[in-house]
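Okay, so here's the structure we're looking at.
Chain IDs A, B, C and D follow the sequence of writing; residue 1 opens each chain.
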Amino acid sequence: MRKIAVLGLVLLVVSLTIVACGGAPAATQPGAAPAAGQAAAKTGGEKTVTIGFTTSQTGSANLESGRQTNGFKLWLDEINAKGGLKLADGTTLKFASKSYDDESKKDRVQELYTKLVNDDKADFLISPYSSGLADAVAVIAEQYGRVMITAGASSDSTHDKGYSLVYMSYTPASRYLTGALDLLAKLDPNAKKVAIINEKDKFSTDVVTAAKAYAEGKGYQIVTFEGYDTGATDFAPYINKIPAGVDAVIGGGHFADGSTFARQLLEKGIKAKFIALLVAPPEPKFAELGDAALGVIGPSQWEPLAKYSAEGAKAAGVEYYGPKLEDFVTEYKGKYTEEPSYHAAGGYAAGLLLQKAIETAGSTDTQKVKAALDKMDLMTFFGRTKFDTSEKTHGLQLGHDMVYIQWQKGADGKLTKQVVWPEAGKSASALYPAR
Amino acid sequence: MKVGNVGAVRPAASAAVPSIPARFWQRVSFWVTLAVVALLGAVAIVSQRDTLREAMFTLLMFASLASSLNILLGYTGYVSFGHIVFFGLGGYSGFYFISKQGWSIYPSLIVGGLVASVIALLIGLSILRLRGAYFALATIGILEAARAFVANFGPFGGSTGLSINFSVYRQYGGPAQALWTSFYIMWVITFIVVIVSFYIKSSRFGLGLLSIREDEDAALVMGVNAPRWKTLAYVVSAFFPGVIGTLYFFKNGNVEPADAFRLQMSIETIVMVMLGGQGTVLGPILGAATYDRLRSYLLTSDLFKNLHLAVAGLALLLIVLFVPAGVVGWLRGRFAQLRRVLE
Amino acid sequence: MPAQVLTSVVDGLMLGFVYGVAAMGMTLIWGVMRVINLSHGPLIALGMFGTYFLFTGLGLNPYLGLLLIAVVGLVAGFVIYGVAVHRVINAPYLSSLLATFAVSMMIIGVGTAALSTSPFNVDFSLGSVAAGPLTIPGTRLMAAFAAVLVAGLLYLFLYRTKPGKAIRAVSNNRGAAELMGIPSSRVLALSFGIGTMLAGLAGGLIATFFPFTILSGETYQLKSFVIGVLGGLGNPIGALVGGLVLGLLEGIIPAFMPVSWVPVIEFALFVLVLLIRPTGLLGGRA
Amino acid sequence: MILQVQGVCKRFGGLQALTDVTFDMEEGQILGLIGPNGAGKTTLFNAVNGVYPPEVGKVVFRGQDITRWAPYKVAHLGMARTFQVVRPLNELTVRDNVIVGACYGREGHSRTAGAKVADAVLERVGLAERANQLAASLNVAQKKRLEMARALAAKPYLLLLDEVLAGLNPTEVARMLDTIRQIRAEGVTIFMIEHLMHAVMNLSDWVVVLDYGKVIAQGLPQQVSTDPHVVEAYLGDPRLAAELLAGG
């Protein structure tokens, strides 16, 4: 009798150990590189800085997220290939990264970031792709006192929560489509009716809420205002609600839904003169839609055709930092055999901004780097960067601007991407009406 | 369709079954279970490692979710795919008071639980009339309807949900401390769920539930007011996900419909209950621990990263096919003497 | 406005046919063996990929490809039944729910690893048919036509052939059917095979007009539940009608409120029907 | 009058299961209900204790109209029953099975008090040593006694026994008959369905005969067994008919 009770207890203890250890080994085996880096911290004035982030290897955002990671890895390889970053005090910094798959889902991402900070000893963080995930992990960055650069995330609402260590590298969502409306006003002063159909996630909602207010302020009539769930594939019910005689259709969300939406707009024969969608159009893959892509405008954080340069920086009275735009494009193409999209550029820029801040601070100390970021006002290949330092909306991007691209038919009949707005940076005039 | 106990294990030996004290606090098994929960929490506290604490928070959260589901699924025999609806609705309500009304976490937790219970009462009065798979289907319907409704519901922020200002954590001693506080609360909730589970199981009420699980019609004839008791079981089992939801969203700082009403999470909770042994108290806790650690391990292991779901699915299939009583159920069935120790 | 409602309703109905096929398999399996097949959704998704690979990889016409998908689906159904379902067919229903859920996890797991979760597109177009305010893509018309054909064949099979009659007999009363010498195990396997085949066919059709991932089946699985209950659980022919009812609702509701309210109404209706008439609006056996 | 059944009719789809069934039961009696297979005997039990509420007619128990009451309410009033096909709560122990009867029966004991009642009842039906086994592990005769024990633990005024002797061997039958007599001696009224004719005829104070859902005869055992209607009804089953005549 007693023996059995003892046996039971032993079994229990064994199972518990397994349970407890199940947590431990997974948690205590960080990637080899950063661990080695930590060990080498104080020797010979060389130090390894670990940057942690998650990638959506699977899930709805895997395309955009993958590009962002590609861009970041390019930065990482380049800086290390150059022998690292030399600080004023003579220390050489090498950079390492540690990342996990967040499955494009929020439920594990916080745990993964906690792990990045505590087990993998990440010194700095880059946000995951998409505003929803970035918003979730901003808390973690703040809670554990790590500076986080958000890339691929632009929800304004992340920055009205009182965070002080989260810095947005993108133009905020509220300014994504306002420029498109400016463009529309310029193209066609008589345009009146605007239909807004968007994904109902944080980012797109922030975008259209701001765009709707902006449009109404400019005297546009919003004839349709509908949201669809993330992952939607059938847009017919929404498209059917667009009344005949609509001038502009704006909205969308991310790549997958946006491209399907564009395709179904064509199939359903919607005769909108102006179509502007989020995220999807700037992706090179959007061209695979063929006719459905023609004339579609998309706000882009950055384009290979953009014209950010040292001269421009001088004109604006700020410093230019990092590689030339053309060099970035060439390097990226060399490594990944495709045009960089703005997600890729954003990933690179996140690393670059961090690099600059560390260089300015002359240290990897969180508070010093934070001070450097707060003061930062510069131009890179990605555009201008300046952060809001007010207490209410700290970390919000103030300097960076959107460009707007449109898919047009080139002389050879192939679809090409042209920058059509702002006026100063355009590579072609907008095609109007689009259809 | 008859609702029966899946954990149907024919006893190995009919003789020599120990008698178990009537009062649950006199049972070895009660203290063993408490010790398990104590250990799970202590691991994080002793190590003082934030990662382990976070992992244990998730683990304890699933352990209490599974245990609370067990009151309905394991004791009463009603399979609900909608347990997470209470996590969502209760959590949303509690979180609403934190973010919009500026309440402290503590009363909000209670409110979250109560809202979940009241909703369970209203839903339960109608759908508990359905039996077997019809009930299961109805719970799926309710979960989906609730998710779609909240996504359209203005006060809850519609599809983008609600969030709290970071400064809120200051009243809990700063963000780092707030995480520890959340963890402690989670730990306490797990203890409460265990004690309530034992209390119910050893009470007259619990006996009624068990008889409903075994044979609802026979139970009715024996005088068990099945409609009332199963509704009560539903209400009690819904209270905890409401509390846990509030805490979880408080810890996250935000809530969105897509995170709050995940059918997948509901099903995973059922899997945990099954894995450990439905109808037992320790089972759901061990089941949650095993499943959660397994999944978390697979997710971060380089070898299985891309196949974690498939591996977990294979494990589940093997258990359903070959150990339907779950680990604790199997042990209890195989070694009658263990019934004193494991319950 | 009326033109808009008309378009919307026609779109809904076209889709309703396909919903019907998706639900037929689910409800057939339920009727015969009282199993809610939670792997139904992923199987639909596999059907989608079937079309994709046959079309994009082999250049096979999607509608010809359906024949192959049907055969593979049938065999896959046998295998799933044999491996995962047969052992728990007489156990309480939670076992079969979880067994099929485990299958679903495995399909999605392997599918995610092999196919990622980025959307796939079958770049196949039959143009559009325009009539007045209506513009109906040809693929959807074909899908509706194929759905009717599948329903018709299923009807003939169930009511005119020996194995079909055996399926109905087992569905009515398995014990009695066994007494009459009907080999119930074989019939159950066959039903699961046909159910899987129907899931695959539905997926194959959907793939011709919507993009999809390995996760896309879930929506159709949930809709299949709703349709099953509307048309009568266990009544495969009722499923087609149920599908049309659902399609009609999806066409009409957006005319009066935001589209995002559609699922609220759909699922509330679903629960209501379960409560009031669990045998389905159109009768059928419970 | 402990139970009055007045004009009870019950229909299942196209099948008229009970037609205008009327009879009374005296307190302290054993009333035997007999009839050929499919006569509607179990349906009558179900109509009386609320499992299948009758469409027409009235059931009065201890002066209270309980027609269409839920079965659990009827149980609380003091009516307990056993099932023809045993329905043990398989995954519960034998003792817990009986405690359910005690806790939810007429006296509505607490769990601890219920345990005491259960132990006493188990002792009496001879299952005491199996108290801690799972009910599923009992053999058929033991399960029958478990059914009886559950019903007794409810301390009913009226006990409905549905073929408790079926499937038992002669020794077991004798034991069961003893138990039934004892129960009656304690003042519990018994309403029993039984196929074993000699047992019914020996035990019962009053016999009601159902055929095709109708009462075709009722009276003292001797009267009934010689009633031509009854004999005719049983002619379809010669063995039973012979037994009926022999038993009378």
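Here is the rule we go by: a residue touches a chain if its C-beta (ideal position, glycine included) is under 8 Å from a C-beta of that chain, and two chains touch if they have at least 3 such contacts.
Worth saying up front: this structure is predicted, and the values here are computed from it rather than measured.
The central chain here, found by comparing per-chain C-alpha centres with the mean of all protein C-alpha atoms, is B. Placing every chain at the mean of its C-alpha atoms, the farthest one from chain C is found to be D. Among the pairs B-C and B-D, the greater number of C-beta contacts is found at B-C. Here the CA centre of chain B is 32 Å from the CA centre of chain C. Separating the CA-averaged centres of chain B and chain D is a span of 42 Å.
Centre-to-centre, using mean CA coordinates, chain A is 36 Å away from chain B.
Once the centre of each chain is set as its mean CA position, chain A and chain D turn out to be 75 Å apart. Residues of chain B found to touch two or more other chains are 4-5, 8, 18, 151, 159, 306. Chain contacts: chain A has residues 57-58, 200, 227, 229 touching two or more partner chains. Within chain C, residues 112, 258, 260, 262 each touch two or more of the remaining chains. Pairs of chains in mutual contact: A-B, A-C, B-C, B-D.
Residues of chain A touching chain C in their complex: 57-60, 62-63, 104, 200, 226-229, 231, 233-234, 236-238, 240-241, 243-244, 256, 259-260, 267-269. Those residues of chain B whose C-beta lies close enough to touch chain C in the complex are 1-6, 8, 73, 79, 126-127, 129-130, 132-134, 136-138, 140-142, 144-145, 147-149, 151-152, 159, 263, 267, 270-271, 274, 306-314, 316-317, 320-321, 324. Chain contact summary for the complex, chain B toward chain A: residues 18, 28, 32, 36, 39-40, 43, 49-52, 54-56, 58-59, 151, 158-160, 163-167, 169, 175-176, 178-179, 252-254, 256, 258-259, 262, 265, 286, 289-290, 293-294, 296-297, 299-301, 305-306, 327, 331, 335, 337-338, 340-342.
The residues of chain B lying in touch with chain D in their complex are 4-5, 7-8, 10-11, 14, 17-19, 22-23, 202-204, 207-208, 210-211, 213-215, 217-227, 279. Within the complex formed with chain B, the residues of chain D that make contact are 49, 51, 70-73, 75-76, 80-81, 83, 87, 89-93, 96, 99-101, 103-106, 108-112, 114-115, 130-134, 136-137, 150, 154.
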